[in-house]
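Okay, structure first, notes after.
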């Protein structure tokens, strides 16, 4: 992390879950990809799911996420990242906030698309596969998606790094050889610190193929948007009409 | 409504808003399209938005909607309809419930697609236009969507029927003449009792074109699924993994 | 079948073939899915193919089908269903008649699309595979079609139920495991009385996946359109210009 | 027409209508585009519609067209062209015959696609517009289709050349200026002898744009296939299973 | 080749490589597919790559190709073909020349699309696979492309005919059985004299499927365009603005 | 520009033209968007076109561009940007170099796609419109492209800023109001220093819509890729096979 005097850009990473134990590791991963002038602060929810593994989890994290996101804007952050590959809460937050809101899947998919002919995503559980395919369709890059695969490991068990890397390697090899993927994307923001190791192992066995870490992709998109003075279009994400809304302050 | 002895099928309509004043009119509209053996009960939320007009509204209605939906299943209802053209909460509810969950937009779009070469939707506000286009893409019928237009009337002002019909007619005419729509869809479940009047007026001026009411389309889809013993696929909507989820009982 | 006093809706099912021996079984299958107030009458052609298994069969059934369809309208039927998964004669009949004309493939594909992420069709012979893929494209749901498979059993041999179910099960399993189908569709209206058995067997082996019977789907679409007062758009299916047409009364 | 000694290739043009009065003019138009060694013979139906202007017309021309097509094969013709831009009867004929069967729309659309960024078709009546759009989708070139327009002149009135050319010019100008078409296609095989005149007029007013005549396109496709020893794939168009087929000898 | 008195059409085939040793064989192959009145002349580059096997090769052949193409136009040729399945230099040549410029991939893909439900291309090396898939997308026929496969033989080793045919057969069989191709395309203009042999072998083993030779397809497109008086649209390929251009005379 | 001690990343901008007079202004524009640790060096070609305005210009700039690009890699640059919205030479350079090669159109289109529902590009001349549409298709984001418009000003006249801004504003307004664009992209890397002014003017007149400058987008993509240790996939862009290549050292 940079000294205060050098800070030119502050990004709030919001874990859309109530699990704070990975906050520090997450902060380090984001900071490792950030430029020296970027300050990264990670936070998590008070109310919501322990992890994000289905439509239900994505839906119920939104109310408290929006609270945390509005608070980040009030505190002067330059951008907010929803720290989950399902990009939960990104769309309503794009309406509510006046600073850029970045989804790791959207950033990763665009970066991956620009690097080769087709990409595959390897995620955690089968529950999420149709959700990620729907994201690709909605983001307009579905023609570039070779496949979505999964390692069948729940989010909260991802910290056994060796097991994780082996499982990812196996699916990535399948993606390249069977699905004709030319670029690979980690389909979960909790697969920390494994992208480069996988890239190396794939290269060793003959496949020189980029592995996109959604943590890195989203911090770069956030830095880029802030530096370019850009944020989500107000024609797509109009400010919400004023009205009574309870269960959401 | 049918007498108890004839009831063969019970559908719970959940207004994903806190506004109960339209419940009775909504109940009548649904019942008007239902078969004689179908019982229609309408309910609304305790916590959530007063109306649904943006991504934010769609997101924050979900937690209480899911409570109401689970309750409906416990009470023995055969199907649940989310009474909003944005189909809010439908996907998580499809995971959580073991009975069919129907979204009016999805039902309308499929019915409309089957009736002609291309369809247009006329909805309430510009905020919702990209959301409806995204739904069409996600439901796989975007190639059949001619356009999404809007009357620029907020949901809670829809009850001035004459004004509403005039505004809808103007946009429907534009959809047919400029966007080459062959079928029209009311893009809000609060445009009650106007479909047939519009169909008549369009025919009078030379355009014999079906106008699909999402209320009618969704009750027919609900009845069809129950009668056929079908519900959402458990390969797409797997049961949510067990875990701690706060802010949602 | 309902007593005459309860009949509110009459649907004529036209077998687009000269084979009447399945009329009774077909009538029972349709009636089994219909509401109590729906009367189902099945008829077949005087001139045409013995079964529908290729483009040629689909083409030559049309002239007599249109005769039977016009007769049904004259007799006061509320809707007509072309009893074949190739939806033969549906388009010209949509022009000629003023009541809804339903194709089982179109109804099934829309219902299946609404139930899950992607669907597969299992049909009779390889000859029909490209035809069904073309239908999905034309109906605008090709992006939701995982695959079309076939059991390699001619239509007229479908009545060996045990053999049929085993062959369908094998292909359905392949569709789920290899083609990533989440919803299954019987690709022939002559696969009578097998949908629920297949659904059960698939569930027993771990795949809780809906099996759509085109007979059920089309009768529900017919009932829905009549109840909603809808029919095919006259902008897509304009009335045929008057002119001399021989070989067609 | 060439002398017998030079004939290397014989093409039968089948008018899918009962109107023989244009046979001679049609023969001349085809022959004008053909190579010197190609013999062109035009015939018409005994039973069928007087002209092709809707789905009904396309459907009822098929039985007698197939008779005429089989006869042409028996007589030793090298290829058959269905002389209508709706390509009626082409698919069943592809199954039944062992020589190439060409549809003018398919040939024109592929040729037009290869000549520029996007093409528009100008046809006769609004009834046919969705049919031509469906053909483009089915032939896989719908992304290259800018628009389908019509002159609102019935087929049997096309022989007033001046009126026809003026109406075509007006719509072609609209296609270029409003729909961004870069290539134009005559959407009827009865618009004889006008393509080059329209090309000249468009060029005179600043638009150097090819005008594809479906007559020319289809005769060139027929010549090409015969010369290359190619015909329709037997994996797409399998020979029809043997069975009883009445109303079709 | 025809005697001078019969020549009605002259086509210049430009090998976009510096390797002239195949010019004669290439000339024979093209002439074998051409009509008797078509004169075929083959030439090659003075500067450029020895063969075309990647984006680099395609790019650096362009400057000298354009010289040769302009010279052909000056000499009175009626059309130019770029003799490579990557269609290199075709787009700039379409701008620079006033005669038709044909790419063998574009001609083959359109012809193949018209012959069956889906086609596969079998090419030389893996380097070219994404390039060919990009061409199909750009030409608007990607939905009809089943797969692109390769024999892993460099262009300059293609002249071992037996080895080539065996490798092509193996991949074509895979394309038909695994990728569901119904039409096959040779993905290199240097696979001379093998199309018919492969068609025969495939038929012998049960697959009656057309094999499109890009040499034949492109000469037929060239002949067709010249005979029809058509060439590339000047709205897509506007004449290049005048300006200084060095490294290109 | 940063002091040498702070430089962590060096990007070579290659103008694919022989016009060096804009090099300094280009350098300032890129540097203005870059992070403080990024060094920007701009160069131009010795041989090639004076500007890029058609397929011909894009093609003939490649040989010398590749020389300059290889030189940049040898000199230790971390990334190369092709300074033109047509992304000329990017694909062959991706094969030849082992450092990231960025095209401004590809970077802009992905950034724009992530900011809203649909984007429009406003470029210089009509000649380039189909080229940019082809790029969007190839990059997989064509479904997100609302339109490509042009100001009809040649590249070398772009420096009259006031005229340029007025023309861009007019077309951008048209893109928003008529083509339903929600994000705007400058379709030329020579439209220097105008993005923010246009964004302000559009906002003043009621359209709060991001204007993406391809200069900014591409420098951010370059910085992101270098920081993340990513470059183009070697499965898409395999190293060119060794062979004789003249006219290219």
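Per-chain numbering from 1; labels A, B, C, D, E and F assigned in written order.
Going forward, a contact is a pair of C-beta atoms (placed from the backbone, for glycine too) under 8 Å apart; a residue touches a chain by one contact, two chains touch by 3 or more.
Computed from a predicted model, the values in this text were never measured in an experiment.
Any chain touching chain D that also touches chain F appears here: B, E.
Distance from chain C peaks, on a Cα-centroid basis, for F. Where chain E touches chain F, over half of the residue numbers in use are shared by the two copies, so each contributes mostly the same positions. One inter-chain figure worth recording: chain B and chain E are separated by 53 Å, centre to centre, where each centre is the mean of the chain's CA atoms. If each chain is reduced to the centroid of its CA atoms, chain A and chain B end up 31 Å from each other. In terms of their C-alpha centroids, the spacing between chain B and chain D amounts to 44 Å.
Inter-chain spacing, taken between the CA centroids of chain B and chain C, is 26 Å. Residue positions of chain A touching 2 or more other chains, listed in rising order: 117, 130, 182, 236-237. Which chains touch which is summed up as A-B, A-C, A-E, A-F, B-C, B-D, B-F, C-D, C-E, D-E, D-F, E-F. Across the complex, chain F meets chain E through its residues 18, 46-51, 53-60, 62-64, 66, 89, 91-92, 94-96, 125-127, 130, 134, 137-138, 154, 156, 236-238, 240-241, 243-248. Residue ranges of chain A in contact with chain F, taken from their complex: 8, 33, 35-37, 106-107, 110-111, 113-117, 139-141, 143-144, 176, 182-183, 196, 207-210, 212-213, 216-217, 220-221, 223-225, 227-237.
Those residues of chain B that touch chain D in the complex are listed here as 117, 182. If you check the complex, the residues on chain A that touch chain C are 130, 133.
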